[in-house]
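Can you read through this structure? Questions will come right after.
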């Protein structure tokens, strides 16, 4: 019996050791995934497929700037991360929660640890949106590495303001698979996650910039990707993030209070009845149901995206008839994922339901998606009319169902 | 069940020519098997009854298949193409321009006439298309989106099932049960020829039943085209409604059982031709008969519940 | 014709060991495949426990090849956790406990204990084993399909299980899972028809129903349960399969829009699946415990050297459990949205099912009372069965009480309960049965010392593993969550401590099976040769050689009494085989024995 | 040999000890407010706890009695050999006792029937639709993979109108007022579980199920999903905030509505009361 007890006791100790070691949760094969342009040819984009020397340099630069692997995080100078309590920039990335008693290593604290715990299975270790769950959710998780985010308060194509990311993490994106984290993380923890997401973004953007820079360089050039070149690249990347806060679009004209008249004006704008000839109905449909004619028919879309194996979506697309396939290819977002226009008859708004969220969507569009910026095309008051209309539509379906409205819209569009 | 004095084990049967035991292991087993089958059909038919008693009214829509997003289509109208008329190309063109549907889909609608459904229209569009088609000499009628619950018997607008045909088929199956009884009683009296004859009759009747059911399935699945009160696609396939799901599952599994029965009967019939059975040894005939009666009884229940109610 | 069935054992190794129609060989086949799957299921349980104790930490060794996606960095994906417990439960229930209890023990013991030469339908018997293999194959194959194996839990509730976008495992894995269960179901159905027929028709001369050992009674009643309940599950599985493959709409609810996809409009009722599922799966719980009760009864009577206390009441209690088992399925659905009034009636029937279980426990203690208890490995395991079944049974009362169930439903309390019944109950009974009948099955004796070491550690760590599940459960710990620390009330130090303690005990419990494995295989090859009746037991299997000859008995035995006549006054030995008549001075109580 | 019984005794004692210790540690007992470990916050919770404790005592008594009998039988009736290697004592030969069988059938039956009937009224109060309070609906709660969507009626008091207040994973109610919630699911089956209030109800797609409960201590509680709903099942955590007064609740609601109606960046962000955790 005594002989038997020893292995059990030993097991206990070894389990406790394996589990209790402070860095035990950081074991495993941790390596950043490289963007495709690093090693192979990408259609119409820069790549380093035939420049092995520059590729090695780019890799070395990245490792130096951001750390060789996710376990070891470097903070490049001037990076747009927030400061922790001690004033260290990037201190939230992998810090260990500071409590009243002093710094404390908690297994699930720090941006990286929190990201691993809450985000990784969709967004992936490198932030490439390629976690193991990613193929099974629609819309697919965001690839952070281009610095582009759909629902922002900044102009189309600009980097997001930190508030935008914070809102997304805190409240989730209703209508997608991005859950709300407000009840799962503390405010401090959300900040840490935001820093880590920013880190993955700027790292990815730097990588892209290096690829682009290397693409135009000569592989034999010993001075390629020199320090000062790299410094220029990074400061450009960081600059975009630094600028974001200044670019936040604040409606210069206060919201028109929602009134039947305003809603009706918004409807007329939506249907393209005004002289501006907006084409909202072309995508969102004359009934606002997201079934406009410029887009793939929702039934076809659902069949391709939601029926069957997600990894075989390309095959299902290939089975569509020629014009539909052509349309399908046109209606992809920046990341190559299929898009569907919002169904405005249900009160589900991915980018938020506040009037200002809708204002941003209409005025400056959705980055990476096909929703264009409308601002200079129509004025602020008109945007507010459309906002009022969109907010009212789910509860007043008759707005688009009055006899003749749809047909008229159709006629105007033609 | 058995007493100590009359051991039931085959190895202990006194002799081969003694009267057969009242129950053989085979008979016990076949009864048990039938009991499990009864529970299986109870599961299927019970589900049908539960659905029928308390199913949601949206279980079936006339213009769209169940997977369509009906909330998106609240006011949708459709046009039912009754007859294509002389100008098929013109009709196809009109439908294509009114709805933007692809060539293949339009061809499918035309083929489904007199119950071709053009969906995805609003009231005005439906009216215009109806008028346009009328001008082209086609027969067309506007229809509005409705959800309906369960088909009623003898209502060709909601019920695709032919009760008359199935009544005949039911009669055939009952007859086959009768001939099966005669076959068993013949072999019990040792009349081997008569037994073979009745087995053949049962086999033929069972095969006929199966044939009629295959014909019925063919009609439902592709042979005919049905009004939109039955199916939005013109065909009665398992996915068009809860009723269709239940119908195909229940009758399909019954049909499989009949098919298995027919194969069994064929084997027994061959055995009978070869003279395998006698007044003392007719277990296989009896078991096949029990199974066959069970299939018959299930059908009568099923016919009542699925077709008649 | 009288000895037509007594032909020699087949010479061809293929028909002798593989496609054998001999019930004893088939029993061994069931036993081995069951034990192998026991190891697989146990390994899955270890990984589950690791994740619960130390969430998201890479599992030593295993994480490298179980989930190797570089994007993961060694961390278990949450859907993998769901797959783990789904597969753990499916394997343990449908491929370990049911096959070992009914397949292995049922096959081996029924003919031998009732004095028959083989099952009524040997070929059907062979079929019922080999139809398991497609089931195994489907289950193993599901690990390699796109989306991985099923992850909807062993209950497979729709729409999580029917909509391919609800979970990766519902993509293809669920279809494989359904096919695996259908195969296992066919195996159980054919097996149960065979058992019932054998028991009804092939008893030896003098073997009246009320002279059958409890083990045979329990297997008989189990077979009846399966024969009448399993077809209903089969119909539910078939409907779910059609929902997934043929586009039918039985269980997809109206208005559900899964994974941001289109809403379902024409649809059925998800709750109907639950009703059909539990109509089988509640009786299935009794399928998993009744044979254990039978085995424990026989082992306890033998090693107490004393007649079974209240043989007939024990049989009646078995039948009552089985009968009531058909009308209590709704207690799994108290919180499911089913009409609460229905819940109230199910509560009463569920409470009543505790009664026959209590009677059985009292009778077992009564059997030991006044006996001469011999502490063999088999007896220790049987006593552990009684001891643990008391906990498993009593904790069931909490769940039967609908208001209390509101709180503990879907928590670890349930998990603790079912493991006390299935590990504390069924598994100890399986161990008892293996130790008890090993000499008869293989003709060699197991090592008692190793057997006792195995028992000691299994018993200790079993308590350590499952006891605290009740406590974390009533503290509110939900089941099927890979990371309890998301919740503040589950971050309490006590809960964390208990989770880690349970995990350590679970690993130790796994290690504690090493002596069993060593003992089993060593004894199989080199154990001392067993005599015909090593335990001096009464029932018929001990009257023939160990291992029994191909057709079991030289001459069919004649039976004079029930197998529990131990320590008959005036007898030379303290046991009296069923083949020997009772001394003339003994009259039996007609109600009890 | 007979000392094997000690193992069984130890296991039983360990179980009894763990269950007896449990009430004295808030981590081990039924979940409650941390500040007041002994206090159960909802009326239904108190009834359910009382029933739980009754069953715990009853089963505990039965457990101790049966385990004691088992261990005693194991200890007392272990086989012992005399000097000659013969059994020191023969086993008693008897087949049972009708009287005992009747006693131990009737007494547990009585207890079980009592238990079943005793539970009925609480069950009816907590779940029967006829017992639902006739108060306005506090919110419509919809389970979705993987969060709880909450929809409060706006100023017009009706759910499903343009002025509804939408929150995610954030359920607010007022102390001592019975909260009536309409439970729905938009995709798969979820389960609404409030451990501290002892409430659990599955949310089934296609059904609207009323759930009601109250809470007599203001504070922050947790809402969990108790039915497997997919890979993110474990993270379907929601906050339940119980406000001290209705005014406080209304202030929170007004602030939230204001935020929901925000149309300028520059507006001062009204720090929502209790908006931050930790």
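Chains: A, B, C and D, in written order; residue numbering restarts at 1 for each.
Everything that follows uses one rule, which is that contacts are C-beta pairs under 8 Å (C-beta built on N, C-alpha and C of every residue); 3 or more make two chains touch, one makes a residue touch a chain.
Note that this is a predicted model, so its numbers are computed, not measured.
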Centroid-based (C-alpha) most distant chain relative to chain B: A
Chain centre separation (chain A, chain B; CA means) in Å: 52
Chain C and chain D: spacing of chain centres that average the CA atoms, whole Å: 29
Interchain centroid distance [CA atoms averaged], chain B/chain D, Å: 48
Contacts with 2+ other chains: residues of chain D: 145, 206, 231-232, 235, 237
Two or more partner chains touched - positions in chain B: 56, 67-69, 71
Junction residues of chain A, two or more chains touched: 121, 133, 177, 184, 298, 302
Pairs of chains found to touch, sorted by chain label: A-B, A-C, A-D, B-C, C-D
For the chain B and chain C complex, residues of the former touching the latter: 1-2, 4-5, 7-13, 15-16, 23-25, 28-29, 32-33, 35-44, 47, 50-51, 54-56, 58-61, 64-71, 147, 237-242, 244-246, 248-249, 253
In the complex with chain A, residue positions of chain D that touch it: 145-147, 149, 160-162, 164, 166, 168-170, 231-232, 235, 237-239, 259-266, 276-278
Chain A to chain D touching residues, read off their complex: 118, 121, 133, 153, 171-172, 174, 177, 179-180, 182-184, 186-188, 248-251, 254-255, 347, 353-356, 359, 384, 387, 391-392, 394-396
Residues of chain C touching chain D in the complex: 77-79, 82, 151-153, 157, 159-160, 163, 166-168, 253-259, 267, 269-271, 304-311, 313, 335-337, 340-341, 343-344, 347-348, 351-352, 354-355, 358-359, 361-363, 365-366, 368-375, 380, 383-384, 386-387, 390-391, 394-395, 397-398, 400-404, 406-407, 409-411, 456, 459-460, 463, 467-468, 470-471, 474-476, 478, 480-484, 486-489, 492-495, 498, 564, 566-569, 574, 588-589, 591-593
Parts of chain A lying in touch with chain B, wherever the complex brings them together: 287, 289-291, 293, 298-299, 302, 321, 323-324, 343, 345-346, 397, 401, 403-404, 406-407
